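One chain, chain A, appears in both complexes that follow, with chain B as partner in the first and chain C in the second.
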Partner chain A sequence: MTNTTITKQEIRFKLKSSSEYGQASFASIVSLLLAVVFLLNSYSPAEGSFKPAVLAVSIVYFFFTLLQFATWYLIRKNLVEGGEIKRSTRAIGYVLMLSLLSANVFVAATAFQLVKRKKNAFYTLAAYAFITTLLVFAVSALNVFKPYVADNFIIGMLLLIAAAVIQLASLLLVAKYGDRDVLPRWMGIIALLLILTAVSGNLFALGLGLLLFSKLRDKDYTSGSKLGEVVEKLSRSSTSMLGLMFILFLLTISITSYLTFDYGLAIENNYSSILQPPSLVQPLGTDNFGRDLFSRIVFGARISLIVGLLSTLIPVVIGGALGAISGYYGRQTDNIIMRALDILYAIPGFLLAIAIIAAFGASTVNLIIALSVGAIPTYARTMRANVLLVSTLEYVQAARAFGSSDRTILFKHIVPNSLAPMIVKSTLTIGTAVISTSSLSYLGLGVEPHIPEWGNILKLGSAYLETHAFTAIYPGLAIIALVLSFNFLGDGLRDALDPKLD
Partner chain B sequence: MIGQATTTGGGMAERIAAVYRKMLLHPTYRLLLLLTGAPVSVIVYIFYQYRRSAQGYRGVIDHTRNELLQSGYRDKVLAEAKDQLQRKHRFFGNTVSDKQIEAEASRIADQKFEDQLNERLQAKLSSHNGTQYSFGDTFQQLIQQPLFFVISLIIGFPMYLLMAVYANPYLKYIMERLIMAVFVIFGVAFVVFTILYISPMNPATNILGETATAEQIAAFNHLYGLDQPYLTQLWNTIKGILTFDLGKSFAGNELVSTAIANKFPVTLTLTVISTLIAVLIALPIGIISATRPNSFFDYTFMFIALLGLSIPNFWQGLIFILNFSIKLSWLPATYNPANWLSAIMPIVVLGTGLTAAVARMTRSSTLEVIHEDYITTAKAKGLARRNVLWKHAVGNALIPIITVIGLQFGAMLGGAAVTEKVFNISGIGSYIVDKQFIPDIPAIMGGVVYTAITISIVNVIVDLLYAFFDPRIRSKMKQY
Partner chain C sequence: MKKNGKLALLLLLSLMIVLSGCTLSTKNDVKETPAPTDGEPVVDGTPVTIELLGMSSNEADLNIVRDQLTKNGFNVKLNMQADYGSFKAQQDAGNYDIALSGWTTVTGNPDYAVRSLFKTGGDYSILADSEIDALIEKASTQTPEEFQATYKDFDQKLVFDNAYIAPLYSSLKAQALNQDVLNLDSVRISKSRSLPWEEVDFKDTSKRATDPLILQSTMPTLTSLDPIKGNDGSINIINTNMYVRLVNLTDDDKVTSVGSLSYNHAIADGNSDYYFILRDDINFAQIKDKKAVDTGERVGADDVIFALNRAKDKNSVPDHRTYTLHEHIKNVEVVTDLAALEGVNVSGGSDSVKAALEKDLPTKISGLVADKNQASTKDGKYQVVKLTTTVPFPQVLNYLAHQSAGIVSKKQVESINTYDVEKFDVNKDIPYGDQNTVTEGSQYNNTLYTSGPYILSYKNDYEAIFLKNPAYMTGTDHAPRIDNIKIRFIKDADSSLAALRSGEIHLFYGISETKFDVVKGDSKLALQTLPSNAVSYLLFNTKNRPVAESADLRKAVLYSINQDEFLAYYGGNKFKAVSTLSPLVNTGLELKADAAKVKEHLNAYKASK
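Let's look at the complex of A and B:
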């Protein structure tokens, strides 16, 4: 009669407020899907038999999926009955971590979140930094099956191991000391080492190092840094963290590939191994010139990331500046700038890019310029709307009353406070830029054809669609994964930065 | 009877004069008004000047000015301004020379003096003989004379047309939007032409080959007018776009307009069909997702939508061809206008991005609307769930969705080149891509500009749709 009966609504609230429950359900479903995909791929209808290697992978995935489902059920039971997750349930997380060995990052990332009861931004960043470095190490290690490796392969791998050790150590230390109000002073050394490992491109480590430094410096006087807040909010959604992880994984592997990958395998023709199916030596097979698709896709990540980032950064800066000036000064300035940008806005970005490339020729630099020009108006509009909103706030009036110049007000007070929507928008449009890059390359209008860019690889592969479909499928999957990651990250950032939800 | 006629006539004249006066306040409309009604403006101006001098306007001004100056008003204002400036600079710790302060103070003082002068003048004139003398007043006085009204109607007809447009908020909005669209279209033509003009590529050598002599190249350039100065070429191109005559393409010796007229409908048909289907699929999905937020259904559909946004069109096309044409042999791999089955895959591929974007937008905008107070009121009133959703929520959620559809339609039309290449469709996109290697300037110009014009027209329609769907925009329109 009293409060022994729990209503359905209460259960729903309990489940929804537990981040582990949501993550567990997400991980089990994705892991199940992957296991099914592997199972389907292991069966070759032509021979009516299973490929043992792929089948083994599928079985491992099924095993961890089952375990994950069981954990999910236990979490649910614990939450409904006791209101919190028991220690024994959390301990299963250590077993689930082993799924990292099968490259099942979905289950592994969830496991890292499950084992710790009180999570903070430090722990999340440390866990993701460690997983990223391990993945990069594992992917780079596939090179040992090749007939020869890059000159600096050993050095590169040793450096990666060193980075992984530092990150693992910091993960353990952060798990132990991260909750304290004041961190021990020697954490500064760890932070410094972490920032050093970030040279590999692992920005999780950079973020963690900076966060540690800021916490060391502020000695519990303030409520914490803005970065930490954003990370904490972002880490509530597993999809956006996984998206960020994939982006940083590609960034890290693009940087470390200077040491661990041999560019020759990606660009030199090898007529003795044309259109080979995937094997240990060529994990994704070879193309019609006998070049290793795996190396080509790894090197292609570099181009895709650079073009995607630059062709977003340039319009953000130019469009942002124009929009800010237009929104702040208003009247004739606004009219002239926005009417001029309306003209650019009327031409579809893709057509404008084709026209610019038609006029100046196909090359990577022209491609970046062409994609940037078309994107300027959208950013200008977003920035203008924000600046119009922020300009009316009290602190801007206060700054004006203190006699600040227009430039100071605009760039010190207004612009920093109108950046959040720009960040969200740019994250969401990097994905579009990546798609446009590969689409233009596919049409022969983008990156020069001899450079292993994903669109170029796909263009070559599309000629062998009937006989060797994998040459077109793998680069496409890479593009989708990258774009999807940026979209997930953008969605997560929007939720994390949206002031309306505060 | 007669009296009634004059009063209605007077009311009419008053209304016209009110519109006239309101238009005079707006700089652009003032210019347009005075220009379109130039003969009327001249007559009104003559009367205006005449009346002013007849009533000793200048004399009054001079008198008032002297009066003010003698009362020492200016010196007082100047001293005040100087004092304020000095205090201000002392507060901010600025060191400013006396000369600068002097100059600034006298500027402020002049401003204040003029204001005061005008104020007094107004007071004096209105007390003097009850009327102020502005240009608009003169017009009002004149228009009340039937003779002037009739004459002005004949000689200043365009002006009255303009005033009629201005007086009706909807008509004004539509006209302004149309004029913007025309401006944008000319701008697009200018931008695209300039990009192609400053191109370092040389179509002559690309077509005639590396071995072409200087005379051959000169003859080629002369034939296509490439040796003319920039402005002449720009003028010819804009004229060509307006008259649908862009001349012959460099390669193939075909009329660009004919080629575009043959290819454009293909692309347009495919994109329009695919937009319609996409909207029909996306709206229900978005609405259902919004009514059950964070459910399994919602997550699945939104994940699929995000996936749809992330798939490159050409890859999706290739995978479709691989599965449905090569492996299953259900659908033909290349497009053929005579076979509607062959249009299925291109339509699906083209529509994927739009479906995804519209579904996401529908979900977020419906979710936002569902949490508004008036929905709570509607529920509290005891309306059925279905009624609340369809009558109150969806209608208001439609505005941002229409925006997204308009934007995505433009992007789809612009990005159709890729899909057309994959399915071997001879549409406008693949035409532009084929022509860009030369570069065939008239063909690219035509393709890009006509596509941009189509998109501009769609955007105008979208903007007008807003005005008719959203009462909030309508009431805002009436106010300005």
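Let's look at the complex of A and C:
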């Protein structure tokens, strides 16, 4: 009896310590859910028949789901029996990679992790960079079904292909050379090219490029860069990596949409195609003014991301600085700053935002300011607490003993070591900022109603929730996905940045 | 080898994209090349900035206008206000080039559709054009056959020659009701007239005394319950049902005595004298302990004379909102000499006025009395009121059917309005019909005397309770059916629709075109629609703005407006319009969007700058 329990515990430990196993079960379940959603969508009860196109997608999803489940079972079997995953099991990953063609990123991302036995930050980043670029390319390519495309569409698509090729090449190279202690010198060129592709907004490529450079410069003297460590820890959690990928996907498509999407389709009314259901020409249908919802949501991502990021960055900087000064100098400085912030904290943030918008008018800049002001006190409090803690540590006392100035101690020693909780907190609150932006737009207090912004789109759609539900569902899903992504990323970052979990 | 392979792959991919790119048409390809303008010097193509003011409830219209103007070379600055109050404040401050405005001709006559809007010095007018004034005056004295041509000239001047307004569309009047609860046939929808509450009935008539009829309104603040002191959406329906008038409008805007204070009315030869023979079966109601009671005081000729004289007199009350509607009334008097009725003929006929007035009456006129308490229909003793207009003006009857011509009690109003009009102090004096006197709380002191089928008992921010007038035409078809009426104040249209569907309210007046599908899809709801007199248009600022000076700029805006697109957006539930007259007079004119004319006028405007 005792023997079996130990074995059970052992098995559980083996399964738990294998990242592939966890990822495989996650991917199979999500993929199954998606397949079911597609299947339900393909059935139209009015006609009692299945829509062939959606049904086909559903079948493809079911195929990869089954394959993924099989892989999951094999991984489990391998782990239980031999303690490690067999090469043959890993080889299935190459087949699973094909699911990328059906935009099933959950299975594809898992597949990239599965095929490589010994993973490192380079490989993970390269794989995600490549998948992101491919997704952006695929989504942008939907534009070819429109009556016309943006003037720079072809240039944009070519640039995306070039970026994808560079990233694929680096993926292969990194898979081959990434494990070596010293990288070949010509990897510098690859790193440079990768950083160039990051102009598209694909920050995975930027991270990879920087990591490669640091490793090249490092020449195996140290144990590796902090960024590499964080990426490695982060990549253990599929949800946070997928969250990060969705955010960077939106960022990339927001930037590349300058070339590949036509703004006119998103804001110009077209009375001949009012409230059309989704089709190839309008992948997400049209709204009550005949505007293409797909284009509107893509352009809406720009505003949601900018407002979300800026209205988090501003309070992080202001609140962080105030909190740091307050925590470091203490006494009256602390009292004055924190009591003033307490007054600000006493005002409900959302009401403050409404008041600011009502007083200064609705515009993107005012929206950012309105959402920023209310968030300053919480960041100041977090920062102050960290600074209070860090300033008692030995290296700070050492720096003081050396006669460093207050400014040097504060900004060189204390602030960098207090940043981790701020980063985690800000990723978690960006989601709130995105929701607040959309809420304000929904209330008619955000950006002008014709500007594509997710809250605006949702507001228009909500009036047609019963008759043309897709007008509200798609922007709603976009908001949910972005907020969820930030939350997952925040959770992952908290684990990755927490030194106690080392 | 490997490198070569990769290079080949790259080339192949690029080639594929370039090849597929060849078949794609870009935005520039499909853009129509602008036709070279003949002789017109090409002025700079920079967009002209124009400020568009509107309310957020009209967001869809604002968006369509913005879109049309943007496509025609304007840079539109949107000034969207949350409610009517802030919209009006912005409008009064002149912070706009064009304001999205709406007008409903509640009296159903064309004169009202233009007089207070466009005549110099009119209640709502910001125009000052003597030609326009002359046409309004000319048409007002004409018969329907004659005024058609005059109003055509008016539309031509107002819209096409001067572009003082840019018309958008005229609307349907629409209401949705719960047909499981209400008797569908008892709910009327009329072009101009408000819904007559007294006719509304439950499907299950046994509920009349026990259940309230629940209606809806968006505005909990009632301007005034004195009929002459308000003319807006918050009180029009309420005052129409609280005060009886000399005449009513039928569902298609014909003047009728049915359901009014008069049995009959007649226009005397010359179109300046109007006679009304009064009923004897309406008493004023009042509220005692929140219950409606019969005051025992009859509604008679003295009240009619008092009510109409104060309606036409600008100084009868402070903040008089409706005197311009009644400025054509010269004199109102009671007729006691029966011979005077026999001596005059009706307009356009050979009958005497007496014969016209006693038509279909149960007992013929045997005598006329001055004291209302002596009038008795069964004895043939009647009261007759004669109204004289300043000029021959048949449309005066339409104004008498308006809620502002509601009959109030001479005795009661005089006893409440004891203040000096010149020195009226809003903090101290409480005028008749002040909404605070019927609002629950310390100021509650309901002094209303109503001549109509219902009386307001009390209100708060959520609802208003109306009770049936116990002495209103009892025993006739016009006696109110349902004892209690409750108006729920629901600001948001979507919430109102939700309330209707959940059975919380019984009737939703003013449902939006975009919600018709929802109502039609719900089996317990019925939708009633009728083309209404409501017109939406863009009003140009007449002060301190480029649009005030430049007719070219105004015309450029005018010809940017494409009414077909509005019709398409509203699924064909709107109609084309040229001016506020369009639903009432067919002038045969039509506004057609014309991008070439826009360009021409914009160039002319830019050249003149």
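Definition applied: the second predicted complex is superposed on the first by the 496 of 502 C-alpha atoms of A that agree within 3 Å, B and C clash if a C-alpha of one lies under 4 Å from a C-alpha of the other, contacts with A are read in each partner's own complex, and residues count from 1 in each chain.
As a working rule, a residue touches a chain if its C-beta (ideal position, glycine included) is under 8 Å from a C-beta of that chain, and two chains touch if they have at least 3 such contacts.
On a predicted model such as this, the values are computed, not experimentally measured, just so you know.
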Just chain B (first), just chain C (second), both, or neither: which does A:D262 touch?
second
Per-residue contact with chain A, leading partner among chain C and chain B
B
Could you look at A:I356 and tell me whether it touches chain B, chain C, both or neither (first, second, both, neither)?
first
According to the stated criteria, A:L158 is in contact with first (chain B), second (chain C), both, or neither; which is it?
second
Taking the superposition on A as described, I'd like to know which of chain B and chain C A:I195 touches: first, second, both or neither.
neither
So, A:L98: does it touch chain B (first), chain C (second), both, or neither?
neither
Return first, second, both or neither, reflecting whether A:G403 touches chain B, chain C, both chains, or no partner chain.
first
In the superposed arrangement, does A:V54 touch chain B (first), chain C (second), both or neither?
neither
A:A463 contacts which: chain B (first), chain C (second), both, neither?
second
Looking at the overlay, does A:A385 come into contact with chain B only (first), chain C only (second), both, or neither?
neither
Touching chain B and also chain C: which chain A residues?
466
In the complex formed with chain A, which residues of chain C make contact?
6, 9-10, 13-14, 17-18, 20-21, 24-30, 56, 59-60, 62-64, 66-67, 70-71, 78, 80, 82, 494, 514, 517-518, 521, 564-565, 568-569
Would you mind writing out the residues of chain A in touch with chain B in their complex?
16, 339-340, 342-344, 346-352, 354-361, 403, 431, 435, 438-439, 442-443, 445, 458, 462, 465-466, 469, 472-473, 476, 479-480, 483-484, 487-488, 491
Along chain A, where are the residues that touch chain C in the complex?
144, 147-151, 153-154, 157-158, 161-162, 165, 169, 262, 264, 267-269, 271-272, 274, 288-289, 444, 448-450, 463-464, 466-467
Mind pulling up the chain B residues that touch chain A in the complex?
92, 180, 183-185, 187-188, 190-192, 195-196, 198-201, 294, 306-307, 309-315, 318-319, 321-322, 326, 410-411, 413-415, 417-418, 421, 432-433, 435-437, 439, 444, 447-448, 451-452, 455-456, 459
